[in-house]
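All chains are identified by letter, namely A, B, C, D and E, in their written order; residue positions are counted from 1 within each chain.
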């Protein structure tokens, strides 16, 4: 009863995608009667994240849940925590192999490159030959991997097709519009989350290209769900972040209480949300989905 | 000279935290009179006239204008009451044009529907005219003050004060940064202004400058009035002594040839 | 006072005469004007054929420039008044979240939420100003503190009330609200339809808006930018208050001596800066239908850069709104132009830094000619 | 020169005497010292039982503080010399990428890559300084331009060569390199083993390192921080060059007149600031085995905040390295302490802003007592 | 007085962009002599002595020390050659302590292995001593200069120059910001220093100050030497006239009572 777990993410304070995970751990905490603390580097600096993991370990929790945003950076601190006898579960980014090497119990997540690659395969099937990857967070390595995976699946060079969009929605919209105007043969778009997806939807609406361009995005939000419904967005990649927050808490609690733990890693995604299955998702988009 | 002073300050005290800058100073100014305020550095001259001009509020003491007790909340009020000041540190902004400096704080305006706009034409015209009257030929009214010489800046400041109908014009060491010729110019200007009936408070270190234009002399020392005298009642040497405390001076000046 | 500049106005054999032509050209905005011309020429050459100068291309960089201009105007007046505000970016995020929280989460009517956001933001602006004035600390420090405090509060507020850092659904809440249309809508659409009918601007060829003109109105954002530029320009050059702004920034003490209410002027400019940030936030929230806690990141620097490119003096007392607006235009054109020209987009920051340096060197030279500063 | 301060040294009936006790306490670092004590008391109360003050807890905030201290030292000397550097954060990212690119991508030996990064970074620092000196522009503008240029170059370089913004594999490349251990390793491990044997610090309970102490050495990062603090402190207070740093920042013209080579001093401080940023980057790259283009974001502000909390004057000529180090300590303790205390992490910025404001008000008061400034 | 001048400047010209600040000025200084440099504002006095002190490089002209032609690359070189300057704008840093200001640019050092550290004890001791010799009692050597009065600061600057073995001491309007008593103090100091054989260049606007301590007088006007005279060759009034251009002055002063 009353165990304390710490979840450490790599996301900057303002990253909205992590709300779902925060909501999930809050829910799981309530249900299992444990405390789960959410921590993150305020600016998204991974070096700071490593410090936070060290700090979390020093505070002696019953378990640590962390992303492997960068294996090199986080291997040390996470392995240290394992060595202290703290159970660790890795989530979100990173691969199962990396998770094993660290000595974590299991990994709940979706590797970024593979997710991008999966999206690319769908796009290829739809006949995309030239695309635009709207990267609103280019300084984050995972974001580049998604675009790279997409390009590799299409079998094209990434090159200038990934743009550094910045985080200001007005500018993102203008940049997307400018790109599409100068590269009229573009027939696919990949956005990396709500921050870039919303302005891109606006840009497509403004230029009348909504629905004409194959449009995939990562993650979900109310606006994205609506766009999936009206056909502007062809699919949203859902890595079901809820599970990434909820499952580790449940697993760690049960481990602490009864010593039981699943033997294998869990792939929470990629799940593709399209017009067909949107209804289910829509209700909780941005909160639990 | 009329009988009621234009402005009268009675037993003014002013304290800044632990520093007592003024410890009971009384001065009055008659119309058309040039009242010289003399004193060593730190005697409190600047503090005193800032009190007169509404920059500082006196800790105690009374200010009377035309016999009525007044209290200035800020420099604007003092200006509106007719007390204009040309500060030692000049109050000119080098980056701004002569016109904008000239009118600063009292810009002329013109109604335009519900709005009031600057009347730039008028401002420019009057500035050029007033500066010409003071003997300065401006290249253009929007010339920056930073491009003027020190004497010219002093003149702009004086012209501004006079134009705005100053009844009492305070000049804080207007000649201290100037050369001989420019000094003579400024003294001539003072003389001219005095003759129009404006009361002048002229602050200086330089006894000879004071003797040249002063009608009355008040010497401050360490925050107190040492005394007031009319022109002719005092020799320059006496004034000099009062300012610096005779004994010490005598000793020093003898070793230097007595000419300080 | 001690080393006097050459007494130019009286004929002086020791100063060589300047040509009148040179003097006629020498204005605070000269650098920005030259920059604007150069930038346009450059992009006309490298991106002339890409649609950058077609109606929709113009609208594209126009909107971005208008965004920059809105905050640049606020930063410009404040900088001329001798202070600056690093909390503009955080204020944008904060004001947006306040609007969204009040309207979506608490269900206030949209107009009330917007007005409340304006009031709160302007109060914070006033608090910034008050602190700067009362403590005599540099505004760099005070507003740096607000930068952190406001950003922290924004995230804390939105997370603790909605468990999200992005709050959507604003568009729905704004439906039919009179005040919301002042920030979100487009105007003068009929002109563009008419232009399209005349064949002077292109129409969509395909998609769900085929046949409509590629530009179907001027967004309110642009209207606001133009209105703010005109307002600030008139305020600065044609009113008494404008003279006080210059005076407060040029030499606060001197201004105070002649009766300029310097404290009030400076605080008012902090408030105006917050006001501009809130307009920015309101337009953005209305246009995109959502507010996010990370909006406005680094916007304070962008505002300052635009103003400085426009010829203002970082230490106050000198500058022009037209210059700041041109700075914003340069900023917008370069940022978008690089896309049109197909340049690797991460190089944008490099370009920006270089332009900033060149502009400011040119501006300093021009300023010295004008003010006799050394 | 015109309004003279009270002539304190000669007995003057117009100035009330100050107590000698008060004068004994009045030092530039006083504010930071008081702040440090307060912060420790606060966290001892709210987070005393959370392991924050156990060996590994101390190591945790110690390392974070050391990180801040490294860049704060550079920023401190530069600020005392009258300039500041907004490009520190970008420089950290840039230097890291240079090391990784050269060693991993181009296969240079690690020592050569590190040295090359130091050289390049210090040249850029010198260029910053040279521009500031030659153009007379405020360093705010010049280094703001470098902030953008360097960050842009960092992203561009890493993307155009490796198609990634993160470059890993540095640890492997550094294997057995003599210079790399100077930045990446840990020292004095035996002391901690001994302490663990004595039972004074905890050991790992499980896993492949069971039985080893939880803290197994002092990271080089801390050694660097301490070395830099000592070096800078001695330089500033005990050498001729230190006096020149104060002089250059206090009044560059006056210093120049008496023969202080102000330009060289200022440029040297820009170089030193770049040097500190590179040490920061090298330690980070070696410790984590990778470099990323987003490293160091906003670190320039954090460095400036630590220095200002430490009592330095933003406009130069006044400050102390000890103060800056204490500022960094406060920064680190508060940041990590809030995690220990379980406070909502978004409130960290709010705390930081408030601490900054309070510290700077206190420091201003102290400074006025010392210098007679008004 | 010896026969070779300590320093001799011959036909110095200096141009700043379009401004010709000096247009052929020659001055020499003998040991133990106080050579006064007079002139209106902007005459080029400060520019001239900055050239002498190595701050500016002359556009043309020659500088000789003890008969040998020299050229100073920077103020340090001039200082090392024995030319010390107390500038009009003082060259004191208010935020720094008296000791650090006193030694600025020439800090005493002590070897410590391969390193050289400031010898703070010595620096403090000497500073206290030198200041006491000049009649100023410091509270502590680490007292900030900002807490000193203007006259005290001047004295620190002069003491510093003298201590560092100045052979030629240049004083640029050391009395312009001072009151009478402080002025007298400074003039006394000048007199004392001169008697030790140091050559002094004393710049002032104030003819009376110049007459008090000067041995020779050179008047500058608009960048040119108007002439040099020994003490006794000239009356103060003549000097005054030379400085300002007689005719104009006469007219003005008559209207003001002739006492300017």
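In this section, a contact is a pair of C-beta atoms (placed from the backbone, for glycine too) under 8 Å apart; a residue touches a chain by one contact, two chains touch by 3 or more.
The UniProt protein names, listed by chain, are B, E = ABC transporter ATP-binding protein; C, D = Xylose transport system permease protein XylH.
Every value quoted in this text rests on a predicted model; they were computed, and no experiment measured them.
Under the contact definition stated at the top, the chains bordering both chain A and chain D are C. Touch-path distance (fewest steps) from chain A to chain E is 2. Across the assembly, the mean Cα position most removed from that of chain B is the one of A. Spacing of chain B relative to chain E, judged by their CA centroids, is 31 angstrom. With centres set at the average Cα position, the gap from chain D to chain E is 43 Å. For the pair chain B and chain D, the distance between C-alpha centroids works out to 51 Å.
Residues of chain C in contact with two or more other chains: 2, 4, 6-7, 151, 155, 159, 344, 346, 348.
Within chain E, the positions touching two or more other chains are listed as 41-42, 89, 149-150, 177.
Residues of chain A in contact with at least two other chains: 13, 138, 164. Put simply, chain A touches chain C in their complex at residues 12-16, 19, 22-23, 26, 138, 160, 163-165, 167-171, 174-175, 177-179, 181-183, 194-195, 198-199, 202, 207-212, 221-223, 286-287.
In the complex of the two chains, the chain C residues touching chain B come out as 1-2, 4-10, 234, 237-240, 242-244, 246-247, 250-251, 253-261, 313, 317-318, 370-373. Residues 47, 50-52, 56-57, 60-61, 63-64, 67, 93, 151, 155, 159, 163-166, 168-169, 204, 206-210, 212, 214, 221, 284, 287-290, 292-297, 299, 335-336, 339-340, 342, 344-346, 348 of chain C are the ones that touch chain A when the two sit in their complex.
Residue ranges of chain B in contact with chain C, taken from their complex: 53, 55, 74-76, 79, 85, 87, 89-96, 100, 103-107, 109, 116-118, 120, 136-139, 143-144, 146-150, 152, 177.
Chain A meets chain D in the complex at residues 13, 37-40, 42-47, 50-52, 54-60, 70-73, 75-76, 80, 82-85, 103, 138-141, 143-145, 148, 158, 164.
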